[in-house]
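This is the structure I have questions about; it appears just below.
Should a chain be cited, it is by its letter among A, B, C and D, assigned in written order, with residues numbered from 1 in that chain.
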Amino acid sequence: MTSGHDTADIKNHIKVYMMVFAALAFLTIITVAASYLDLSSGEAIFLALAIASIKGSLVASYFMHLISERALITWILMLTAGFFFILMFIPMASLIDQARLG
Amino acid sequence: MNIPYTVEERPDTGLYNAKLGIWLFLASEVMLFGGLFSAYVFLRFGAPEGAFHEWGKELNIPLATINTMILISSSVTMVMSWASLKLKDFKKYKFYMGITLLCALGFLVIKYLEYTAKFDHHIYPSTNTFYAIYFTLTGLHGLHIIGGMVVLFYLWMPGSKMWHSKPEQFTNRIETVGLYWHFVDLVWIFLFPILYLL
Amino acid sequence: MSEHTHHEESFFRKYIWSTDHKIIGLQYGFTALFFLLVGFSLMMVMRWQLAYPETPIPFVGSLFGEDGLLLPDIYNSLGAMHGTIMIFLGIVPLAVGAFGNYLVPLQIGAPDMAFPKLNAASYWSYLVGGLVMMSSFFTEEGAARSGWTSYPPLANIEFGQTIWLIGMIFLITSSLLGSMNIITTIVQLRAPGLTWMRLPFFVWAQFVTSFLLVLAFPPLEAAAVLQLMDRVVGTSFFLPSGLVVAGEVMEVSGGGSPLLWQHLFWFLAHPEVYVLILPAMGVVSEVIANNTRKPLWGYNSLVFAAVFLGFMSFIVWAHHMFLTGMGTTMSAFFQTTTMIISIPSVIILSALFISLWGASIRFNTPMLFALAFLPMFGIGGLTGLPLGFAAADIYLHDTYYVIGHFHYVVAPGTIFGLFAGIYYWYPKITGRKMNELLGKIHFWPSLLFMNGIFMPMFIQGLAGVSRRLWDGGLEYAHAAGVLHWNEFMSISAWLLGLAQIPFIFNVFYSLRSGEKVDNNPWQATTLEWEAPSPPLPHVNFEKLPEVHREPYEYSVPGRNRDYTPQTEPKKDQY
Amino acid sequence: MKIKIIGMLIVFVLIEISFAGDVQGKITFDGNAPKMKPLRMDADPVCVANNEIQPRKEWLVLDENNGVKNVLVYVKESKSGTLVDIDYVPKDKAVIDQKGCVYVPHVLGVMVGQQLDILNSDGTLHNIHALPKVNKEFNKAMPRSKKQMSVTFDKVEAPFKVKCDVHPWMGAYLGVFDHPYFAVTDDSGSYSISGLAPGKYVIEAWHEKLGSQSADITVDDSGVSQDFTFKKPSKKK
């Protein structure tokens, strides 16, 4: 894809980059502001991670061009993400399972 | 015989070699930070209720917010420097790359201030598990920044000669190193809330 | 290419700082074989202590102190380093570094790896890691002695562990660079016409293996960093509060958990088992297809089984942790996944067995090793099933049964597979065949003594003898009935050591005096046999191959030869 | 000229040594002597077999006159110059034995750089584990076939514990000094430190449970006597 960019295309991209930048800055302020709200810890974690995920996907989709990247890359990343979550949650699940036994 | 697809894309995969390589590298980086995030979650669950939140209150949120902004900006200038090369504007490339490096430096300076402030208050990695994981995660992230800066500096100064001989390959190099740089930014986007805000 | 002229390179450039995948492959190969020998020697020393407890070691005793006794501390060091060296410095570099490097570009018709400089960096990182590991033997505090698994809190207390961790970080870096390179090469540099389902099974095995390395090694790197922090900076990632060591409360900040290490470690270390076995399966498949003169039975199922195996290997790791007090739900989950993962292994093994059906087999040395691989791996795999069941594992955990089980997989399994590969591709590398008689003198005693070592381990393990005892169980009444096997196993081990001499001799002897052969001495079909023997430096092929066929077109009815190379165009079937 | 000076120095040194004074004394215990319980060694049959009479705990060993055994008495500091050449290392080795599954001696002083031989007379597996704070910790297994090993310490350190990881009842205490002026009281609670140059010193008596006491002494040619009396420990064990 990237090789097919002509000048106009790139100029469009630059506009998108600027918009993404604004969105990222805005979301950063929101997430900091939200941390001062009196939320329960569950809500706070959900909100903060949700905002972080949005920001992360903006960076990945636009700066890293994942939105128009080849399928192969997407597959590799999906595989990685799958194992990432397994790595993240099974140790935690085992901890909970252990606690359940007392 | 030269190795094929170092510059041009292989028709059936649509990729040049380095791009696949860097994405595989980033996949392994995801798993590296995955291991550390997993440790974070594990320790947070294991700590007394609310302890991580209490311990984290010592951290300086305004400084970290500034750092987040700096890193996001550096990501934008990074992608702009690549776009400039696509537009064949070498001068602008130099300009944006310079700013990217400056941002990275600024990030490290603020990080240094944060660290020394912690040490002054006798907070060390051995203080508790929160600071253990805080220093490990931010330290490793800092190392990634430093490593990235070395490469960026090379491509900004001595390595940029390549633009005049092999412009396409040079643009690809900027794209791959850019992918790495955005990834480092991405990691920080997650580090910021889980360490400072939660 | 022919129009590309190659100026002569200096010796250093050509053989030491080379970026040619073949030279790097050989560098990997020789270094890894050397480390295999080192790791095996450590075990031969340990087996003296087990066979004749507390008597001075003959010949090499002076290395271990004036009185030549093997003290428990050093025994533990040797045990830990045996595991580490064999796995991380021996088999993985041999299977992936050497075989993967040398053969993958040749089998897919590429001039080199995708990133030649990265390839060299990967080798040098491996060598540095290996030297760092070995150097720990010469430090005042001695080498790591907490087993290759390095469980904290023991590993946090014991000496030598810091060096182990630093060495591991180098080795992990090396493996990551190497495996990214292999994946990129396979994806990007396949010759025209070489579609995915035309890849030789060996390439598929390397592909899956590399994915395992890329995705499973980083968590161990993270764990190594955390343990290094624990040891150097005084954090307590793996140390709980109020930890009592030898009657004293340890002064640590606490709050960590030893289980965290086990999760992160086994997240790598279980896929690592498949990293060890898959390349060997790949090699064995190539050798079997060639020497049965038949297509591999069920090539597609082999490929899908390998991919599925790789995928499943990421979600079975906690079956190593049944005894950590993990809850029953998790145990049941991991027990189930463990049973599922045996299915693809059985598919692969069955397909290879069925491939033998009705073949007129050429019983040359590579084929003998490949044939021996099948039952040996079978024993290793089947004895693993009881360990996968939580209930049975409670009894068998950490006994010699476990040692017997995984050594059957790795020693007469993987190593036999790799021997088969060395004998099989030696003519490609050197242009000469290895001596057949010496090969058979190498094979038969090796097979005999391998079983002599590992079969009695099942007996000892079922009697409940723990794997980590310095005196082999002398102090325990329940071990008394099976202790006499120790001497038998030890003698087998030393004889196995002797049986490797013909091999070492053969490697160097055949370099000069082996039978000269043409490019395709085994009448094989895959692409590496199109290249000259040895393949041209840096370019491999005189002309870039084009692929028109499946990988294993042997004995296709109606053709005048019993093999059809992949490069042969489809139109003129003569 | 040179010879003359050296000769004078030798004479001077000889005079110093011959006139150096002895410090001696006795440590007594004031109070009711607690009874030392017998050690239970059933866990290792070899330990039981190696003792004709069952050994008792050793944390307070008294004779009939309440003289305290195993008190480490040492010169803590000199108020008149240095005690000894910094490079002085005694040629004699210190010895600690593992015999009958107890450490013999129970309390021991060694000098920096002095070789300490650790013996295993028991013919069973011992694991000697020293727990210094300043010196390097060591933790060495000694199987029955390993009869002897040697260690040295390179820093001065107040008495620290040495224990066996196989037999939890085994314990000994070890002090490391940069001078040879230390002694351990004998069965009658007496000690004697010889060879001190005349001058003022602080001397300290250390006991594993009863704590430590110090006293200022002045050594002259005829030597000096310094006794200590320890009280019952506040917390009985």
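Annotations for the structure displayed:
Here is the rule we use: a contact is a pair of C-beta atoms (placed from the backbone, for glycine too) under 8 Å apart; a residue touches a chain by one contact, two chains touch by 3 or more.
Note that this is a predicted model, so its numbers are computed, not measured.
Think of each touching pair as a link: the shortest run of links from chain B to chain C has 1 of them. Here A-C and A-B are compared, and the pair linked by more C-beta contacts is A-B.
Chain centres here are Cα means. That of chain A falls 37 Å from that of chain C. Each chain gets a centre from the mean of its Cα atoms; for chain A and chain D, those two points are 66 Å apart.
Per-chain CA centroids place chain A at a distance of 15 Å from chain B. As a whole-number value, the distance joining the C-alpha centres of chain B and chain D reads 59 Å.
Multi-chain contact residues of chain A (touching two or more other chains): 72, 79-80, 83, 87, 91, 95-96. Looking at chain B, residues 13, 15, 20, 24, 27, 30-31, 34-35, 38, 42, 46 sit in touch with two or more other chains.
Under the contact definition stated at the top, not a single residue of chain D touches 2 or more other chains. Only residues 1, 4, 110-116, 118, 176, 180-181, 183-184, 187-189, 214-223, 225-226, 229, 233-237, 253, 255-257, 259-260, 263-264, 267, 538-539, 544 of chain C touch chain B when the two sit together in their complex. For chain C in complex with chain A, the touching residues are 187, 211, 215-216, 219, 259-260, 263-264, 267, 314-315, 318, 321, 325-330. Taken in their complex, chain A has these residues touching chain B: 1-3, 5, 7, 10-11, 13-14, 17-18, 20-21, 24-25, 28-29, 31-32, 34-35, 41, 44-45, 48-49, 51-52, 55-56, 59-60, 63-64, 70, 72-73, 76-77, 79-81, 83-84, 87-88, 91-92, 95-96. Taken together, the chain B residues at the contact with chain C in this complex read 1-5, 10, 13, 15-18, 20-21, 24-25, 27-36, 38-39, 42-43, 46-47, 124-129, 132-133, 135-136, 140. Within the complex, the chain D residues that touch chain C are 125, 129, 131, 140-146, 163, 165, 168.
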